C-alpha cells in the first residue's frame, strides 16, 4: 500500500488548496479505487453542527440576494477562471479518487468551466416576462427572485461537475450553497470547492462586503449530514444526485415540508441501432458510453436494442472493439477503462451477471475481474456484453458498471416500447440515418426519456441543454436551457397605475 | 325547505346538460348554502371503479398525444364557445351551489372562457428551444411532449374555473383529464364539464376518431376517489387545490411514486397600506377582496398591514363601507355578501374570532350570524374586522371566511417582514403611490408570495399571469405565462448529422 | 360575356356584406380570370383623399393603443368568428376573382381564421422581458407598445389571407390598419374586410367607445394610393406583398423617412430530390406546389433539383401526374388548375419558356394555352416542365405561373449551392429520408431561404411559424412565431428605486 | 505643440499593440482634443482596396459559420480577457483621442468587457423555437443561422465600445466583421481591435484552422471606405452609428440592395422632473448626463422638462452644481468635463446658443470657451443651461455638446407630449417617486423613445437591455436582450416524417 498520500499527490492536493492536516480526522477513509490506497483520513462534520451551517447560509442569503445578478456573475466568472487554471490538478484528483481516466477527469473540470460561463451569461438575463393586462392602466410582469439556501448532495461518479452545475446556477441566481459531496469522493469535491473559495476571496477583495460569510460551504460527512439538509425548512432547494432509492426517500421528505428539490436519480439508458445506422459510428458510441467511467455514469449505456438484421454484424464489430480495450491505471494516458469504485460495485456487477444468466442471458464477453495481481485492492473488470432473450427483470434494473445488455427487435415500435419499458427515464438514443425512424424516436410517441439523442450515445451531454430525466430518474432538470428557473422563485406582479379599480373577468362589485 | 331542486333550477341544470335522474344516488347530498336546501342527491363512484376510469384515460392518452396540438386547440375553442353560450346558467349553478353572488359566478365562467382562448393560442406554440451545439455537425433542441393522464381535484370555492384552468391546458398539451370536483360542489363541476362534453361531441363529429373515449372524465365521490388518483402511477400529474393539510398529504404521496403535481393550497394574503396610498381605492379593494365570495377565496384578503399614521383614517372609511354591505341571497343582484359554505365554516370562523380575542384582538365589527330567521339553514355572517396588537398565532392561520385582521407598522421593512412571516405564500399587495415603497415590495427583499400586486387587492388574478404561491401554498403554478410546461414532459435532443463522433467537453476517447 | 355580376354571385357578394352600388365607379374594372367577365366596376379613391384616411387612422391610434390587449383580442376573436361563418362565400369570391380552385379559396379563409385565433392567444402575451440590473435597487424591463397606423398593401394571389395575417396581428398589437388590396382583387379584399367591419360593429356594441373610427379602413385604388401610404410619415409600418421590383422601390422610400416595413417579395423556390427520397411523396408535393394556384403563389415551386440517379424515374412519374391534371373552371370541385390571372401573365410565361429554350432548355410538357375555345378571355395553360442543362439567367428569374425548371445534381453540396444561387430567398425544401442530407439542408451551410422544409413542398405554410424570406424576398417576417414584434415598438426601461445613483460600468463621476 | 506622440503615449499605444510606424501615412491626421496635438498621421485605405477586404470577409464567413457557436464564444471570451488586461491603456487612448475623462474611458472598455461576457453566454443559446404543427407526423422549428459579413461603422464618441457591442455579437453569431472607425478616433478603434487580434491569435493557436483569415478586419479611411461597405451586396449587415443625416443616406442604400442594417443615429434626450422627484438625485443625474463626455453622448441629456412648481428650486441646485464642475484635462482624475472633439463642434454649439437666444431662450450659465490660454488648440466650454419659453426649432435639433435646454410644464401629459415632440427617439427619463407618473411615462401613452428610464438619466445604459431608439434614431437595437437576432438569419423548418402529405389549412388537393 502506498503512503498516505504519496508525495506527488500531496503536491497536487496542495495546489488545489486542500490542506489535509486541517481536515484530518478518523471518520472518512478515502481510498483510491486504483489500488485501494488510502488517500486521506478526514473528519466528518457531526450532524449537530449542521444547524450552524444552515444558519450561516440563511444569513448569507439575506445579503447575497441583494447583490445585483451581474455582480454575482462576476463571482462565477472568477470561479471559472480558477477552475481553468487548476484543470489538470483537479482532473487528477478526480481520477485518483474515483478512478476515471485522465481525459474524463479533465472533461469533468471542463464541464464545470462551461457551466460557469453559461451562468455568467445568465447573470444579465434571468428573464421573466412582461405581460399585457386586460385592464386599462394596469400591467403585469413576472420577476424571478433568489430562492434561499441550496443544498447540493452529489454522488461519487461526478464528484466535481455536478456540484459546479448546481452551484454556478445557484450563486448567480442569488442563493448560498451548501455542498455535501459523496463520502467516496470528498477530495474531488474539496478541490472543486476550493477553487470557488479562491474566487470568493478575489471577489471579496474587489467588492468588499458583497460575498457574505456562509455563501458557500462544504460539509464532509455521512447520511446524517445529508438528512439534516433534506429536513431543514431553511434549505429552499435540495439538489440531490444518486440512486432512485435515495430519491424515493428524499422526495417525499422535501415535499412534506413544501421545499423544492432537484432529483437526478437512476438511469437505464438504451441505444436503438436500426438497419439504417452507421454501424462503425454506433460501435464507437457504444464503447464510449458503455465502458466510459467504467459504466458508472448515470447516463452510461446499459441496453442495446438492435434490429435483428444488423445484430450479428454489430456484435462482431463490438466484440472486436471490446477485445482491444485497454483496462488499467486510469492515470495512464492510454487507458480507456479504469477500476470500479469499490468492491461492493464489483459484487453488484457479478450479481447482475449471474441473475441475467439465470434469466436466459448469454455472456458474450467480459465480466471477470482483471489485474487483480497488480492491484489486489483495485476492482477492475473486463467490460461485459450480455445477450438477452428478452427485457427481463434484471435488465430493467440499473447496475452501475460496464455491463451492456443486448436485445433485438423487428419493428421500430417494438424497439421504442422496449426503450420505454423500464422504470427509469434519463437518457436514450437512436443510431439511424433514416429520417422517419429518427423523428419517430424523438416524437411524442417516441422515447419517454428526458434526453433522446441521435447518432450519439446517451452520455456526454453538453451543458447548453437541460439535463435530467423522467419517471424514476426524478423528473427534474439542471444545467442548461431554463433549468436556472428552479433555483429562483417566481413572482407575478399586477400593477395598477390608474385611479380606477376594475376587476378581472369583468366582474362588477358594489 | 324547498323542493329538490326547484322547478326553475331543474331547468337551469337541464340547460347545462345535467340529467339528474341519471346521476341520482344516496351518497352525496348537495345542499345550497343559500338556504340549506338539498339541490340533489347523487351517487358517488366507488373507489373500486377507479382503475377502469384511469385505464380509459391511459388508453385515451395513447391516441390524444398524437393529435396535432392545433387540432387539440380546436377542442378547447369549442369548449370556450360552449361556456360562453351557457355562461348565465353555469354562473347560476355556481351561485346556488356555493353561494357566490351572481357577478362572481359569472366571473368564474368568464375565467373558464378566458383560459380556453389562452389555451387555443398556445396550441400553435408549446415552444421549446433550438440550441446551438459545441460540436460541428450537431444541433440541440428541446421539445415538449404530452405527459399523460391529468387528475384535477378541486375545492368548492372555485368549482368551475379551476377545473377549466387545468383542463384547458392539459387538453391542449395532449393529456386526458379526470376531474374530481369537491363533494360540496359537484353540480358546478358537472355544469362546467358538460360544456366540455358537448364540445367533444362537436369535435368528434368533425374529426371522427380524434377525440378518444376517456379523454375527459368526471368522477363524483369522496376522498377515496381522490386517493385513487393520487396514488395511481398512471396519473402523470395530480393538480390539487385545497388546504395545506391536504397538500401535505398529497405532495409526499405523489413524490414517492415519482409523479408530478400542482398544488394550490392555503393562502393568508396581506395588503400593505402605506401613507402614500390612495385610501379610497384601498378601501374598495379591501372590501372586494376581504368579503368577496364571503372571504372564501384562496386569495381572499386576510391581513391588513397599515401604517400607523393612516390606520385610523383607513379604519374609519372601512368600517363605514362594511356597514353598508348588503348581505343576503347571492342570487339577488344587489347582494355583495352571500352565505358561508356550511355550518362548519361558520363555527371555524367563530372559533378564530374567539382565539383572536384571546390573543389580544379587538373585534371592530361583524362576526355575528345574520339572517338566521330568513335562512335558518343558511350561514350568513357580517364580515368581521379584528384589530390585532401583533401577528399572533391565529393570524398566521388561514380562516376561510370574511375575517380581516388589522395590524399596523412603522417602517416598510417591518410591514414586509410581517407580510412574509406566515407559513403561506400565495398572494399579497401594497397600496401606495410611492415608487420606492412599491418597488421594494416587489423586489427580491420584498413580498415572498407567488403574487405581489400594486394598488389592486390580492384576489382576482387575470389568467395571463402564472397563478400560485410559495411555501405552504405549494410552490407550483397554473393558468397563464408558461404554466403549461408543467403539463408536458421536456425532452432534450442532441442530433449528430456528421460522420464524426466528437465528445462534449473536448474529451478524447480511444 | 356574362352579366355584371351574375345573379348568384351578386348574392354571394351581398352575403359578404359588399354593396356594389355604393362602391360602383369607373376606375377599376374587376374581371374574373375564369372567363374574363367583368365582375364589377369600382370607384378608386383619389390620392388626394388619402391624408384624411391617414389622419383618421392616426386619431384612432391614440385611442386604440390604450385599449387593453386582451380586449383588442376580443375583436380579432369576433373577426375569426365572422370569417368562419362566411368561409364558403369569401372562398367563392376569391375563386372567382383570382381563379383559385375552391379548395384553395377555402384554405385562404381558413388561414385568416387561424391567424385570428393565434392573435387572440397573443392578446394575453405580447411578452417583453424582465431583466436583472447590475446596480442595486435597480431593475430593467422591456415592454412592447403599440406602434402606430399600419398599411397593408397586398397582391392578387392571396387577396384575403395576407391582409388577415397583417391585420389580426396589427390590431391585437394596438394599431389601426389601412388596407390597400390589389387592383386585380378588390372584391376578395372587401369580402375579408367586411367580416372585420362586422366584428367591429359587434365589438363596439359591447364595448362602446373602444373601437374608434378609423380603426380599420380599406382603400381601393392604384399605385398613387399605395404611394401615399408608403410616403406618409404617419404610417408607422408598411407591410407590402408583391414583386421584388416593388420592394426595391418601397424599401428605400420607407427607410428614408425612418419608417418600418415588412416586405414579402419574390420567391424562386426549389425542391431538392435526393436518391433517398420517397418519389411518390415527392411527386404529390411537386404537383401541388408547382401547379397549385396555377403557379402563382409566392411560394410556388419553380425549380426542381434532382439527383441524376433518380431524375428519370421522377420525371416519368411527374409527367404522368401532369398528364392527368384537370385544368378548367376553378369553381368546379374536380378542377386542380385554374386560369392565370390575366393575359399579361400568360405572355410573361410564354416569354420565359421561349427564353428558357434559347438557354438550352427542353420543354417536357405543357406551356400551351388550353380551353381557349371555352374561355376566349380566360388564360388557361397546361402546366409546363422544362428540363434545363444549367441554372441559366431565366431560371434565376421568378416567372409567376406553372412553369417548373428541372435541374440535376451529383453531390448534395452542388444541389444546395444551386438552391442558393438565385437572388430570391423565400422558400425551399428537400425530399429525402436520409438524416444527414436533411440536416445538412437545414444547417448553417444549407438552404439560405427563410423557409426550408423537409418532405413537404415549399408552399402551404402553417401560421404557427414565421413566414418570409431572405435576400430579394425582403428579409422580413409575418404571421406566426414572434413576427408580432414587428408591429410594436420596444422600450427598454431601467428603474432606479434606490436612493443612490450608481452609474453603469462602475463609472465614478464627481 | 507636443511631439508626435509623446514618449509615454507611444508606450501606451505599443502596449495596446499599435505599431505606429507600420500605420503611418499622410491621410489621417489624428489630433487630441485635449490640446490639439497631433497624435498620429495614418495612412487611409483607398476605396479601391475594399473589394479585397470584403472578399476576405466573405471567404472567412464560409468557414466561420461552421465553427460551433460555443467555440466562437471562446473567441469572445479571450477578447474580453484581453480587454480586461489592457483596460487602463485602452481607456487612456480613448481619453487622449476623444477627450473623455479617465473614468469614462475606462467605463467604455468595461462596456466592451461586459458585452464579451454577454456574448459568451449567448454562445450556448442563440435559441430559436420548436413549434407544434397542425399536421400529424410533422414538426416545426426555427433555427437562427449566421448571416454574413458585418460592417461596423462607428462614431468618435464611443470609439471602442460600439465596435465591441457589434463585433462580440457578430462573431458569436458566426459572422466576420469589418470595422470602420471614425476618422476622428482611429487609435481608440485600433486599440480595441488589436485586443481582438490578440484573442484571435490565441484562439488560432488552440483551435488551428478555426479562425479564418479575414474574420476581423479594420479599415482606416474616409467616407469612400464607408460607402464601399454600405453598397456592397456582400455585406449582409451594416451597423452604423452616427448622425441622422448619415442614417438617412445609409438606410435607403442598404434597403435598395435588400441588405440589413442597424442604425444608431441622433438622440435628443429629455428628462422630466416632477414635483414628486428627489431633486438632489435629479441634479446628480442631470450633471452626469448633460455634461458627461462634454455632452457628446448620443444619449446625453439635452432637454430638461420640469414642473413649474419645482423649476426654480431645481435650477438653483443645478446652477450651483454647474458652478463647481471641474473643467480641464480629462486625464486628470479630478476633471469632470473635458474638451469638445474639435473646433467645428465648438462652433456648432455657439451657433445653437445663438439660435436659441433668438428663439427666446435665456442663457442661465455657461456656453463660453474656457482654458483657451492653457489649450489654444483645445476647445473647452463651460456647460450651458438655456431656459426656453417653448420647444422651439433649435430645441428639436440635436446639438452635440454640453447645452441643456430647460422647459417647464404643468400637466404630466404636456410633459410627455413635449418629450415626444422631437424627431429623434433614443432615450428619455423621468424623475419622480410617484408611481402613477412613472408608470404613465413608461406606458403605451408615455415616452416614445427606445429607452425610458426612471430616476436615472438617459445615458449610461447597461448592456443587458436592448440599446437603440425609434423615429430618426433609426428604429434598430444592439447590445443586450435579443438584439443578437439581427446578426442572424432565421429559417423556419417544417419537417414531415410521416408517409402522408397533408396540406396546411386542411386543403384537399387531387
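As written, the chains take the letters A, B, C and D, and residue 1 is the first residue of each chain.
Operating definition for what follows: contacts are C-beta pairs under 8 Å (C-beta built on N, C-alpha and C of every residue); 3 or more make two chains touch, one makes a residue touch a chain.
Protein names from UniProt, one per chain: A, B, C, D = aldehyde dehydrogenase (NAD(+)).
Since this is a predicted model, take the numbers as computed values, not measurements.
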Farthest chain relative to subunit D (centres taken as mean CA coordinates): B
A-C against B-C, pair bridged by the larger set of C-beta contacts: A-C
CA centroid of subunit A to CA centroid of subunit B, Å: 36
Intercentroid distance (Cα basis), subunit C paired with subunit A, Å: 48
Distance from the mean Cα position of subunit C to that of subunit B, given in whole angstrom: 42
Residues of subunit B engaged with two or more neighbouring chains: 66, 70, 114, 123-125, 129, 131-135, 138-139, 142-143, 435-436, 438, 443, 454-455, 462, 464, 480, 495, 497, 499
Subunit B-facing residues of subunit C, complex: 70, 73, 77, 114, 117-118, 120-125, 137, 139, 435-436, 438-440, 443, 462-464, 480, 495, 497-499
Residue ranges of subunit A in contact with subunit C within the complex: 66-71, 123-136, 138-139, 141-144, 432-436, 438, 454-455
Complex interface listing, subunit B residues touching subunit A: 65-66, 103-104, 106-108, 110-111, 114, 129, 131-135, 138, 140, 142-143, 145-146, 174, 247-248, 251-256, 258, 260, 278, 281, 284-285, 287-288, 292, 336, 438, 442-445, 447-456, 460-462, 464-467, 470-475, 477, 480-482, 489-497, 499, 501, 503-510
